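Each of the two complexes below includes subunit A, the first together with subunit B, the second together with subunit C.
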Partner chain A sequence: MIELIWNALSWTLLLTGGFCLLVGGIGLLRLPDFFTRVHAAGVTDTMGAGAILVGLMLQAGLTQASIKLVLIILFMLFTSPTASHALAQAALHGGLKPRLGEQREDSRSNT
Partner chain B sequence: MTHALSLGFVLFALWCVLSGYLRPMLLGLGLLSCAFVVFIALRMDLVDREWRPIHLLFGRVLGYWPWLMLQIVWSNVDVVRRILDPRLPISPTLIWVKASQHTDIGRVTYANSITITPGTLAMKLQGDQILVHALTREGAEALAGGEMDRRVTLLEKHS
Partner chain C sequence: MFIAAAAAILVAMALAMIRVLLGPTVYDRILAVNVLGTKTVLIISVFGFLTERPDFLDIALVYALINFIGTIAILKFFEYGEAGFSNPEVTRDEERP
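Moving on, here comes the complex of A and B:
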């Protein structure tokens, strides 16, 4: 019974993570400019990767593999915002201007 | 010196966990390489200067992370909904927010917290101001409300 609950929980997390990865990819294609696309990538590497890793931890139980997974999550939580920030700052420095305001018509004509 | 020793201890514990082999020869090699890393860190004069973040990490941060996780989950749900909405209801906004932290590590924590929540992105740090790109106007307003800023500043005080 308890096994079943753990499995259900773990698979829910794995599927949620997979769904978030998919949505992140869709967002990368749909959103209009570089800066908004970084937000879509953010969905991939917080919720997407995070949910999958926690789901895998539930599968592994209290083993060495789980400790490694915790370390992977920790490193990701520190490095991914740093990478996003570096990208955004480089784009800003390179003279790329973010498009602001309501983007409805804009995005339509752009796709 | 205690800093160097505890750095060595943390490194060796990490080494043991990652390798999983407890044979004397492998443990000895691990001990040697950890000692070598501590030696390099000492020579580079990194041990004392870079120690502060660890203090902050194991102190109040444990109370801050659950709140941050919740923020991340909620903003993820919001961004996912907007991406999947056929009308793509976004309103990209640039905003300067105040970072009221006193130390570099506090400001970095705040900027990283902003960036890791999907929908807001720290683009530039200037003095005590952070330039933030938000996916929606509501996201920018929520950040300007300053709750995250207050919580990160609180971390700093007690460290």
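Moving on, here comes the complex of A and C:
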């Protein structure tokens, strides 16, 4: 019985993670600007990866694999915000400007 | 259930790959490659559980580290035009007493 509950919990987490990965992928394709696409990548990195790895941890139980999964989650939680920050800063430094509300109307009238 | 998660990861990887190929600026491509690396880590771990060989987690751990370092290195290259070692400002700072 307890095993069934744990299995259902891990399946739910795996499916939630897969759904968030799909949402992040669609956002990466559909969003209009680079700085909005960083947000889609953030959804993928935190919610998708976190939910799938925690779901795998529930399947593994208290074994060595679980410790490795905790290490992977820790590395991802440290590195993915750092990479996103460095990306946004490099894009700003490289001359990319975020699309703001007023600029959008201007660019529409111009193009 | 592992198969469903693996299928979702593969579809999301295909979407990110389309963004890599389309991307208008180089930063879009770097972002999409970073996301692609994250999903590679995920699919390596899920595949390890799918085939009941948890040793794959070691590879996933190493891949997560390599992905981060590669992203930062490519970013630094594109931001400064080189990897930063022969930057004139840096050498000037080092020569300063």
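Methods note: the second predicted complex is superposed on the first by the 101 of 111 C-alpha atoms of A that agree within 3 Å, B and C clash if a C-alpha of one lies under 4 Å from a C-alpha of the other, contacts with A are read in each partner's own complex, and residues count from 1 in each chain.
FYI, a contact is a pair of C-beta atoms (placed from the backbone, for glycine too) under 8 Å apart; a residue touches a chain by one contact, two chains touch by 3 or more.
Fair warning: this is a prediction, and the values are worked out from it, not measured in the lab.
S.K.: Looking at A:26 after the superposition, I want to know if it touches subunit B, subunit C, both of them or none. Which is it: first, second, both, neither?
M.R.: Both: A:26 reaches subunit B and subunit C.
S.K.: A:2 contacts which: subunit B (first), subunit C (second), both, neither?
M.R.: neither
S.K.: Of the two partner chains, subunit B (first) and subunit C (second), which one does A:62 touch, if any: first, second, both, or neither?
M.R.: Neither partner.
S.K.: After superposition on the shared chain, which partner residues are touched by A:18: those of subunit B (first), subunit C (second), both, or neither?
M.R.: second
S.K.: Counting only touches as set out at the top, which of subunit B and subunit C does A:77 meet: first, second, both, neither?
M.R.: first
S.K.: Go through the superposed model and pick first if A:94 touches only subunit B, second if only subunit C, both, or neither.
M.R.: second
S.K.: Would you check which partner chain A:49 touches, where first means subunit B only, second means subunit C only, and both and neither mean what they say?
M.R.: In the superposed model, A:49 contacts subunit C only, not subunit B.
S.K.: Which partner does A:38 reach: the first (subunit B), the second (subunit C), both, or neither?
M.R.: So A:38 meets both subunit B and subunit C here.
S.K.: Scan A:85 for contacts with subunit B and subunit C and give back first, second, both or neither.
M.R.: Only subunit B; A:85 stays clear of subunit C.
S.K.: What residues on subunit A does subunit C touch that subunit B touches too?
M.R.: 26, 38, 64, 68, 71, 80, 82
S.K.: Which of the residues in subunit A end up touching subunit C in this complex?
M.R.: Those in contact with subunit C are residues 10-11, 14-15, 17-19, 21-22, 24-26, 28-29, 34, 37-38, 41, 44-45, 48-49, 52-53, 55-56, 59-60, 63-65, 68-69, 71-72, 75-76, 79-80, 82-83, 86-87, 90-91, 93-94, 96.
S.K.: Spell out the residues on subunit C that touch subunit A in their complex, using ranges where they run on.
M.R.: Residues 1-2, 4-5, 7-9, 11-16, 18-19, 25, 27-28, 30-32, 34-35, 38-39, 41-42, 45-46, 49, 54, 57-58, 60-61, 64-65, 67-68, 71-72, 75-76, 78-79.
S.K.: In the complex of these two chains, what residues of subunit B are touching subunit A?
M.R.: Of all residues in subunit B, those touching subunit A are 14, 17-18, 20, 72-73, 76, 79-80, 83-84, 87-94, 111-113, 115-124, 133, 135.
S.K.: How about subunit A: which of its residues touch subunit B in the complex?
M.R.: Within the complex, subunit A contacts subunit B at residues 20, 23, 26-27, 30-31, 33, 35-36, 38-40, 42-43, 46-47, 50, 64, 67-68, 71, 77-78, 80-82, 84-85, 88-89, 92, 98-104, 107.
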